[in-house]
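I'd like to ask some things about the structure below.
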């Protein structure tokens, strides 16, 4: 998003919804991957853990996960890469995911949401992370399927989003190890939401820069920059907002998949989202305010330009007229031969100019 | 809509509500077709199907549908053309439709809605499709009447909206064939909603084009174009928005005609509508933002024009005044006969001009 | 409303609320007629009907209605003229109307509403109809009191609002004749709402005219016209909006006076009101859009004017300065006696002008 | 409010909230009177009434009310003046008012509200009345405490707000005399709300005046006047709005102090408030519309001014240049000695001027 | 906030959310203090009280509080300074606070909220107080943990926020001493909310000053000042608003920690918050109104400037042209030798000027 907008303000990819998506009228669950291939092949990592142990495995076939899934320990399978539909289909059929879940995982322009199905809870989120060196915003869609004893997560890329969670798993963090897969799902979502704060911070920096530019009255494309900023805020808000509503209904409803005791953590994520949306709303208000400020600065400047022009023209145009009068070549102009006429004309001119200046001072134009 | 707006911005037909409609005070169910005749005669296609078989028939009389309706298999009758009220009346009376349903089918300026009647569920939608070659938007009103074992659908034209659904029926898609008529109704509605994404995409392209035009500071009728775009967005939003509300209450309420298990599909349609409305809201925000950007560009440009004028006038008007002074014909002007007066005047003028230029540079006008 | 606004934009009568109304602190039910007398004397028409028969009577005393009211047939009494409070009081006391109903019938600046009282349901609406020839909008307040076997309707004027309903009664329309007085109340309200569509259409025509005027860039008082239009839309919206809310709660609640089966008809009226409000909202959005468009047209035009001025002034002011230089009368100006000086000055001037013109072309001012 | 705003637009007293109020952290019920003393000493009037009789008394000590309060008849005590906290404290302790009620009565910047306490219902309202001759708006805070058999009302001044209610009491109005103290409370509140209509009317007149001023394109401080008007509307709206919400919850909830049968009267007050808020919203919309209209009038006028300047300058600047050319004093200017040169120059000038005029006409600047 | 904004409008610290906060993906309860260290070491004050006695102690170890906590008397521990996490951890573990409470106490960019945990009720607020002499706004985050028989409060600084409550405790205020710790929590929160009124008042003063500046048409950076004001209002509103929602749900729900009888006091705090938010909304409306007023003043002034320029230029440019004509040096200009030509030219000029002046008067430019 960021890298493109700075060039020529194209419609951000989020807004170009479902460009290459299924044709109207196809059956639900007709599978088309709407993103671009980012990996060579699909990667599957399985993590099997309980309070005592953690084992990690690279899966080549989904069937290999059977012993772990059948065991009482909790299982997390993270799948990277969404381009190989055949492979994914095997996974989904193995887990008996609803066709609409399948469609939503592949459609990478999905609105963030949480949906309950008989045996699964399905989360779709938009991961946004800043590459610290390049300043490029990396956006990818992330899906999480929560079952009674496993978590299945999908991402487009192999970007190590969940590294911190993995680190806590490995270091034996007791809460993560002891609680059920719902707590793991929470941990994954919380990691993603934490990244939003970084994006918000970045946007805050941009606003501050822009505000200073406006205060220093540089003219360089302020309207375009404000417009670009507003678009980014729209995009960011629309990515975060739907998650808030979904989490809210998750908190209000009972679900066998989410332990009542763990809801307090989901409530914490909800609070974070509210805080982020608050921040975005602030920034939108401020962007509008900056535009107002810029517009009235432009008006003020134009006013100042006009005053200079008016003062100069109003003083000199009448004087030039007087000079023009005595530049006429009539034979009979008695004033011309009066010796004190020339200084008298000068006197008149000076008086006129001084009167004008007083008038302008009274009008506060000077 | 599109084809007209580009010419002279007339009120889109949706807004010209019920122009040729019934007189105030007529009984409900008084039948008047408010659209224009698009077909020679009414076409009726019957599709009778169950898990095993599909049979297709062109009906000339509605009574011919009796054996299919009486059989346990599911029946779909698609009616094209709404101008022949007598013919339609026969159909409606045969199906015992409520007079208000009859009135709504004919009134092609209907607001999208879903209404429950004792034996029927009634859907009205606005179909919008783009003709790929001409870029013309084709708008027609579509009605669907869902009964316990049949679906009755009405359209103004014979545009093959439902072709993809038909294709799936013929190719024996198991979910479509096995589920009841409520699933068929879902499939029809989903097809129509899928078309909205295409329209949204088209509007997104228009916005992108317009944004680039504004960035390149072309003046060609930007305000008019933004106004036309905003009108299209208003029209589109008003077509989609009411559907969302209706679907929402459909999802919340229980109805004998809609299988609980199939509600997940209607929820998916609802999600799509929310996504579309989100997109339209984005575009409306962006259209406003573009107007702001354009307006401040115009201000900036005027500012620049004024600066040029002011610089030129402020430098040369005083100089011209000085030249005017020494163009006067007074007999006693001692300076005139001083040999170095002419170069001295030049010197004064140059100094004055340079001072001015420094002043303008300090003011950042240069 | 219309006829006045076009002259000098006075506050529409709706906004001049209760100008001549009761003094603060008077008892509820203190009766003051707030409109102007439009008829010589109060007219009372009684219609007594059931499925078999219809009898019509002009009443001179309200007591004459007794036999009809006591009979099992349904009775509709339409009262025209609200200026004769004594006469009206007799009617109200005869029907035992609540004092607040009495006050509301007389106060012709009432907000539209539906109120339930123990034995009555009370409807207040604003009738708006266009006189086709004069284009004048006729506004009057209409009240309907529904009892278990009768309908009592009040209007300020003897304008034949209910003619179409009467026509259906007389021609024996079965639904109207068979259903109870709630259906009659529906029919009366529906007639009034149908008139709103006509008003909406008229406003749509005005918008279209105004839009074309703006597109043809005529300056004739566009801001005033848009302002007048917005006021009309505000007025219209405020007249229709409260009715929607009242109907909505009528639909949600149970009342012994409204048959469940007839609610579908009230729902239809509700849908019509929603559609009308939708249309008004559209028009308000469009009016705002037209103002934006007009404002940026004005800016664009001013920009163009400024460019012409700047081009002319910027080319000729320096040239005039040069001419002024050689119009000075210094004795020692060596250039004056050089033979090729005059054509050389012309050359300089032409070059200067051409350079300017190139500069303006580069700036896209030409 | 009114009298001040017209001078220098200070913050209305409502907005200067609690300027001289208690220090942060003091106990609730710490008593400070936040208004200004308006009376010499506190006045207490007691009215004891039932269906048969009414007796009026000036109380000097609150204990004197005991026989009336103990009797089955209803008792209304109106207290004028809030500056003597000791005296008021006696009253409150006698009636055992909750400390928060005591604090709210004294804090004259209270938001309007209705609050239920175990034995009391507490109403705070803002009384606004126009002095007909001076046009000054008189604002004071009014509190009403409803108990099971008495009403206690407090006002800052001895302005006879409740005169009309008293008049009805004295003249034996049956409803007022027969119903309980809840009806009396209604009557008092209704009187206050009736005054709001007068204020609304006055604001409507101001809007109309302002609109006419704008239409006649007088420039006298229109923006300031619109701003002052908007501030008054904000103030008025904020005074009325909270009352609406409070009444709404009063209507929805059951209270032993309010008779179900009398709720219809409170509903009527509620309706009046909704109508007033409607009106204020209208006026706010209209004030915004007037600002838009004024702004575009200013733009239009500036455009017109610019056109005049441009036409004059564009015609005469080139002509003056030509005259300047032949005013040069070169020795070798062959044209000067050509006899027809002078008329030829005139011809050129006239042609140039005519061409310009045609150009301006084509551009519709003339 | 205030001290910074007046310099260069940086993003207020609230908006720079969680700049130095935990890395994405860390476990909840991972403790990082996000503020700056304001004290040398953590201070702990214990107040143990019941109706009869109050004892005060400086704690060095949290374990020292055991006897007081075990006694039936109520205990309040106020902790100042949040930088020493180890120390704080001891406290929290002693009280068995939930990890999310711990995280929220340390994160000083918290949104105000009230959260229920099994054994605690947790309040986070933003304390804002004005230093009377410097005019600097002091912002710190304050947390309150309410248990069944104790209150634990945390603040960043040792600013004596709760001095007034302490004073009341010491002076034996009966309500405070007799009620449970919920009443103490109320008293603490009420103190903080009372400070908001002071801030609101200060903002009101600023608005009044700014309004007067605008009315006196000083140009000094009005847009920047309005922008800074709007930012402060945004910040203030966002600090207060979430508290309102939290209190509202606190009032609606039952909690074992809050006595039903004391809810009336929390309702009072809620009312105060609503009043403050009302005030802020007013101020936001007024800030927008001031911007509108300023913008149209600028337009009006520019209009006036343009008129002066146009009048002068339009009168003198044609006259200068005439003078230029007779300054030409053609040999054959018959007028030049006519004796009355010079006064005739004067006459023509005067007539032209007078005609112009009449024209301008007619146009109301003079």
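For this structure, a couple of remarks:
Chains: A, B, C, D and E, in written order; residue numbering restarts at 1 for each.
Rule of thumb we're sticking to: a residue touches a chain if its C-beta (ideal position, glycine included) is under 8 Å from a C-beta of that chain, and two chains touch if they have at least 3 such contacts.
Predicted model, so just to flag it, every value in this text is computed and none were measured.
Any chain bridging chain C and chain E, meaning touching each of them, is among D; the list is complete. Two copies of one sequence, chain C and chain D, touch each other mainly through non-matching residues, since under half of the numbers at the interface are common to both. Centres computed as Cα averages put chain A at a distance of 26 Å from chain E.
Chain centres here are Cα means. That of chain B falls 41 Å from that of chain D. Of all residues in chain C, those touching 2 or more other chains are 295, 299, 302, 306, 309, 313, 317, 320, 324, 327-329, 333, listed in ascending order.
Interchain contacts close the chains into one ring where each touches exactly two others, per the touch definition above. Residues 8-11, 15-19, 21-28, 98, 100, 111, 113, 115, 117, 217, 219, 222-224, 226-227, 230-231, 234, 238, 242, 291, 294-295, 298-299, 301-302, 305-306, 308-309, 312-313, 316-317, 319-320, 323-324, 326-329, 333, 335-339, 341-342, 345 of chain C touch chain D in their complex.
Across the complex, chain C meets chain B through its residues 162-165, 167-168, 173, 175-176, 187, 190-192, 194-195, 197-198, 200-201, 204, 207-208, 211-212, 215, 264-265, 267-268, 271, 274-275, 278-279, 282-283, 285-286, 289-290, 292-293, 295-297, 299-300, 302-303, 306-307, 309-310, 313-314, 317-318, 320-321, 324-325, 327-333, 364-365.
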